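Common to both upcoming complexes is chain A, partnered first by chain B, then by chain C.
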Partner chain A sequence: MLRRFPIRYRFLAPLVVLLALVVAYPLGYSVWLSLTDRTITRPETSFVGLEQYGSLLTNGGYGTAMRNTLVFVVFAVGIELALGLALALALQRQRWARDATRAFLLTPMFVTPIAVGLMFRFLLNGQLGPIPAALGSVGLSVDFFGTALALPTIVAIDVWQWTPFMVLLLLAGLESLPRQPFEAAKVDGASAWLTFTRVTLPLLRPVIAIAILLRALDAFKVFEYVFATTRGGPGDATDTLQYLIYRTGFQFFRLGEAAAMGFVLVGLVLLLVTILYRTLLRQEARA
Partner chain B sequence: MHRSIAWLALLLAALVLAACGGGDDASDGGGAGAGSTDPAKVKGTVRAIMEEVPDTDVVKEMLPEFRKAYPGVDVKIEALPYDQMRDKIVSSFLASEPTYDLIVVDNPWMTDFAMGGFLEPLDERIAAVQGYEPEDFSKPLRDIADVDGKTYAVPFYNYALALVYRSDLYEKAGLQAPKTLDELKAAAAELTSGKRSGIAMQPQKGYKIFEEWGNYLLAAGGSIQDASGKVTLDSPEARTALQTYIDVYKASAPDNSLNWAFDEAIRSASSDRSAQLISYNWTLPTVNESGKPFAIAEVPGGRAVLGAWYWGVPKNSAAKDAAWSFAAWVTGKEREKARVIAGGAPVRDSALDDPEVWEQGLGEDYYKTVKAILQDAAPLADGPNAEEMINVVGNELNAAVAGQKSVDEAISTAAKNAQEVLDR
Partner chain C sequence: MSRGRGTFVAAACAVVALPYAWVLLAAFKGPAALNDPGRLAFTPTLENWREIFSAGVIGSAGTSLLVALVTVGLSLLVGTPGAYAISRFRAGGTATRFGILLSQVLPPAVLVVPLFLVAFTLDVRDTPQVVIASHLTFVLPVVTWFLIGFFDAVPRSFEEQAMIDGYGRFAAFRLVVLPQVMPGIGAAAIFGFVLSWNDLFYALVLAGGNAKTLPVSIAGFNTFRGVELGAMCAAILVSVVPVMLACFFVQRRLVRGLSGGGLKY
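Right after this comes the complex of A and B.
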C-alpha cells in the first residue's frame, strides 16, 4: 500500500501530519466555531452559517474597535518607522561606544508588554505618577487617559517599546547596503538629502517593507497596553479588536461570535499584507 | 463462547453499578460513598484554583491543620490573577480531563456556571455535614448561590462595599459618616484641600465603575433589575445617581483619574492623597497600614453592593468527595472563626457576633458594621450573562463620566443594552 506513494511524499508525511495537527485542525475548528453560535455556558450549539459575520456589520462596538485598531496600527507603525529610521541613520555614523549604545537602545523590547502597560499606568497616573508630577511642576496638567489622549497615549507606549525593533532591522539593512552607489553619489556631488531620498531609501525599500509588515502584524494584536491601562475606555475610545474578541470569547463565553470577529480581522490583515507586498516589493523588482 | 463472555461482562457491570448505588444509599446515612466527609474514609488529591488575594493566603495557612484532620486528602492550591484564573476555570470545565477539582466562583458567574451544568449541586452534601448550619451564612450570600432552587456553592468570603474613610479628617471637620448621597457629596467637597482629594474613585470602564456606582444607584432608590430579573435601570433614580456620581468625581476626585480602578484608589488613600473611598470592606487593614486612621461605615443610603466569592465543586472534578470535604471544613463554623481572626473576610453571622473575633480581629465596630452591611446588601448582578450585563452598563457609565454622552443618553442606552444581554 505504501508503494503507491512515491518516496518524496513519504518523507514529507511526518511534517504534513504535524502541520495538520498544530495548524490546520485548530484553524479548521475555529472556522467551524465561527459558523455556529457556540457559547461555553450553554450546552446546545446550532449551526448559523454566516449570520454572525453579517451581524458584525451592524455591531457598532465592532466598528469602533476596528477603527481604533486601524488608527493605532497606522500611527504606531508610522511613528516607529520615522523614528527608527532617524535613529538607525544616526547610529550608523556613530564612532565610539557603538555596541553599548545599541544594547541600551534595545532594552525596551525585552520587557513583557503587560509589564510595560502596567508600568505606564502608574508612571502616567494623574495623582501618583512621576510624569504628571514633573509636568505639574511646570504648570502643565495632561489627562493622559482622557477621551482625547487615551489612544495617542497607547500609541506612545507602543512607540516606546517597539521603536528599537525598527532600529534593529533598519540598521542591519543600512549596514548591508553596497558602497558603490553612495560613492558614485558623492563623486557626482549629490547633497546629503538627495543621497538619502534617491539612493538610501530606494535601496532600503525591501527592508522597510519587511519592517512595516512585521510591526503592523504585531500592532494588530494590541491587547496588553489596553488591558493594563484603560480597559478600552473612556467610553470605547481605546477599545481594540483583540480586546473586544477577548471579552466576547472569554469573558462573555460566546466563542462562536468571537471566532467570527477574529476571522474578519484575519481577512483584513491578509489583504493588507498582499497590498504591501505588491506596492513595496514588486516595484523593487521592476526597478 | 464469545456470547457467554459478553453476558459475563454485562453481569459484572451490573454488579459494579449496584455496588455504587449501595454506596450512594449508605452516604445518606452518613457512611462512605458520594457526599461523605468522614475524615477516616475520604482520600484523594484536590487541585484547587484560587485568586491571588489576601483571603487566599489565609486559607493557604490553614492547610497543615486540614491535613491533620484529613490525613488522606492532599489539597494543592494554585493562585492566579483574576482574569487568568477565570480563563483556566472555564478551560477546565470544557476539558475531557479536568485540571481542577475545586474552584472559587465569583458571584457574577454563578448562574452561568450552574446553568451550563458545570457545577455539582451541593444540597445533599450540605445536609449530610453534621453541625454545618448553612443558615448561619448571611442570607444575601446564600441567595446568590441558589440557582433555580438548588445550592451550587458555599460562601468563601464577601466583598460587600463600604465607605472607607479617614476618621481623623472627619473628626477635625466635625463631620459624621454620610448617610445620604448629598452628605457624601458635601463631605467629599469639604475634605478636598491642597494635595489631598476628598474622595478617590474608580471610574474605570466596565466592572469597576459599575461596582462603585451601584452604591449610588441603591442610595438614590434605584435598581438594576426587579425581582423577576427585568431591567429597571431606565429610571429617574438612575439618572440622579449618575449625575451625583459625575458631580462628586468632578468636584472631589483626583484630577485625570478616569481610568482608575481599585488599586489606584487604595494607593491614593494609603499615601494620604485622598480622604476616603468606596471600596471593599476588607480593605480597611490594608489602608490602615499607612499609619493614618481609617474606619468603615455603611455606604450612603445604607444599602451596599454585594460581591462574594464561593467554593464550588466542578461537575467533572476528579475528587468530588475530597474537594467537598475541604470546602465544608474550611467554611464550617469553627474554621470560619479562625479564618476571620486571621484576617479573612467573614461570611457567617456567628463569626461576626463573636466577642473573641472582635477582640483578636479588627474590633467590635468593624464587625458590627460589616454585619449591618451584609444584612441588606444587594448582589452586584443576578441571573445569566451577568458578567456581560455589568460590562455593557459599566461602559455607558464611564462614557458619561468622560463627557462623551449625556446622563440621559447613557442611562437609556445602558438599560436597553442590559436588557438585550439578559434576553440573549
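Right after this comes the complex of A and C.
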C-alpha cells in the first residue's frame, strides 16, 4: 500500500501532517474566532462577521498600540542595522583576539528576552539601578521609564539584544563578497567612503534585505521587554500590539477580539514580507 | 582610523559586558548590598542560590529542558525527511516552501488563542504537553527551513553515485546524504533548543502553574512577593549559562541556516 507512493511524499507526509495539526488547524480556528464575540466569561457565542475588525478602527487603545509598535520596529531595526553594519565592518578588519571578540559580542542574542528585559529594568531603576546612580553622581537625573523616555528605552533594550544578530548576518555577507570589485576600486584610487557606498553597499544589498526582513518580523512580536519593564505604561506610552493582545485575550478574556487584533498584525507582517521580498527578487533578477 | 576602530569594538564589548557583570555580582549579593547601587564592595552570600532551590526554579528548569528536548526531537524526526524531500524533489512545490516560511513568521498572538481554547477543552492546560505543542508551531518550521538550506548544499552526484553502486533511495539518503548534513542538523537542533528554552509568551499563557518553564519562573520573581532581585539574578544565570556554552560552538553554522542556505560564513 505504502509502496505505491513515491518516496518524496512518504518523506514529506509527516511534516505536512504535523504542521497541519499545530499550525493550520489553530490558524483556521483563529479565523473563525475572530468572526465571533467569544469570551471565556460568557458561555454562549454568536457569529458577528467582521464586527470585531470594524470596532478596532474606532478603538483608541488599539490605534496607540499600533503606532507604538510601528515606531518601535522602525527605530529598533534602523538603529540595529546602522550599528550592526558599523560593527561588522570594524570586526572584519580586527585581527587581535578575533574569534573571542566575535563570540563575545554575539552572546546577547542567546539570552532569554525576559531576562534581558528584567536586567535592564533594574539596571535603569531609579532606586536600585547602577546607571541612574552613576548619572546621579555627576548631577544628572534621568527617568528612563517616564512618559517621554519609556519607548526609547525599550528600543534601546532591543538594540542591546539584537544588534549582534545583524552583525552575525552582515559579517557573513561581507566575508563572502568577491575580492575583485574591491581591488578594482583600489586601483582606481577610490576613497574608503566611495568604496563603501559604491561597492560594498550595492554588493551587500541582498544580505541587508534578508537581515532587515528577519529582524523586523521578530520586532513586530515585541512582548517580553514591555512585560518586564513598563507593562504598557506610563499610561499607554509603551503599549504594543502583542502586549495588548495578551491583555485583551488573557486578562479580559475577550478571545474573539484578541484573534481579530492578531490577524491585523498578520496582515501587516505579510505586507512587509511582500515588499521586502520583491525588492530582494528584483535585485537578483538584475544581477 | 585603526585606533578609532579598536575603541569602537572595545566600547561595544563594554556595553555587552556591563549587564552580565551586574547580574553575576547581584546573584551573590545580600539585600543590603542590592539596595545600595553606589556601593562597590560587598560580602558574597549563597542565600540567593538557596532561595531559588526552595522556590522551585530547578523544577522549572527541568520542565524547560523536557519541553525543549521533546520539541527539538520531534522537529528533527519529522523535519529532516521533509526538508530532504523539499530540497531534492521540490515535493509539494512552492506552496510547501511558502507555508513553512509563513508559519515561521506568524505572530504567536494569532495561534495562542485557539491553542488556549483547545487546551481548555481537552483539559490539558498547565501541562508540558501543551507547551510542547505550542513550541512546535515555531521550532518545526525553523528547523525545517534550516535543513532545507543544508540539504541544498549537498551535491546531487553523491546520491547518484551511491545509487549506481546499488543503494536504494532510502539507503542513499541514510548512509550518504545524512552524514553530510550532520553538522547542519546539530546547528538546527541547538537553535531550535534555544528558541524553545527562551520562549516566554506561549508558556506564560498556556502553563503558568505547575508546568511553568524557566522564563515564566524568572518573570515570577518580578511579580509576586515584591522583587527578589538576588534570587532573580541567580535564576537568570541558571537559564543563560548553558545556552551560551551551547551556542558558542555553532554560531558559524547559524548563518547558513538562518538565511535558508543563501549565505555561507
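What to note about this one:
The criterion applied here is as follows: the second predicted complex is superposed on the first by the 266 of 287 C-alpha atoms of A that agree within 3 Å, B and C clash if a C-alpha of one lies under 4 Å from a C-alpha of the other, contacts with A are read in each partner's own complex, and residues count from 1 in each chain.
Keep this in mind: contacts are C-beta pairs under 8 Å (C-beta built on N, C-alpha and C of every residue); 3 or more make two chains touch, one makes a residue touch a chain.
These numbers come from a predicted model, not from an experiment.
After superposition onto chain A, the modelled positions of chain B and chain C overlap sterically. In the superposition on chain A, A:Asp37 makes contact with neither chain B nor chain C. Applying the stated contact rule after C-alpha superposition, one finds that A:Trp160 touches chain C and leaves chain B untouched.
Applying the stated contact rule after C-alpha superposition, one finds that A:Thr230 touches chain B and leaves chain C untouched.
Of the two partner chains placed by superposition, only chain B is touched by A:Phe252; chain C is not. Judged by the touch definition given at the top, the superposed model places A:Thr112 against chain C, while chain B stays out of reach.
Within the superposed three-chain model, A:Asp143 lies in touch with chain B and out of touch with chain C [touch as defined at top]. By the touch criterion stated above, A:Gly262 is placed in contact with chain C alone, chain B being left untouched.
For chain A, the partner with contacts to more residues, out of chain B and chain C, is C. Applying the stated contact rule after C-alpha superposition, one finds that A:Leu128 touches each of chain B and chain C. When both structures are laid over each other on chain A, chain C collides with chain B only at 95-103; the other stretches in 5-13, 59-67, 95-103 or 311-319 stay clear. On chain A, the patch touched by chain B and the patch touched by chain C overlap at residues 121, 127-128, 132, 250.
By the touch criterion given at the top, residues 83, 86-87, 90, 93-94, 112-113, 115-118, 197, 204-206, 254-260, 264, 267-268, 271, 273-274, 384-385, 387-388, 391, 395, 398-399, 401-405 of chain B touch chain A in their complex.
By the touch criterion given at the top, residues 40-43, 121, 125-128, 132, 141-147, 150, 229-237, 247, 250-253 of chain A touch chain B in their complex.
The touching residues of chain C, when paired with chain A in their complex, are 2, 5-6, 8-9, 12-13, 15-20, 22-23, 26, 34-35, 37-38, 74, 77-79, 81-86, 88-89, 91-92, 96, 99-100, 103, 105-118, 133-134, 136-137, 140-141, 144, 169-170, 194, 197-198, 200-201, 205, 214-215, 218-219, 221-222, 227, 229, 232, 236, 239-240, 243-244, 247-248, 251, 254-255, 258-259, 262-265. Those residues of chain A whose C-beta lies close enough to touch chain C in the complex are 6-12, 14-16, 18-19, 22-23, 25-27, 29-30, 33, 86-87, 90-91, 93-94, 101-108, 110-116, 118-123, 127-130, 132-133, 137, 160, 164, 168-169, 171-173, 175-176, 206-207, 210, 214, 217, 220-221, 223-224, 227-228, 241-242, 245-246, 249-250, 255, 258-259, 261-263, 265-266, 269, 273.
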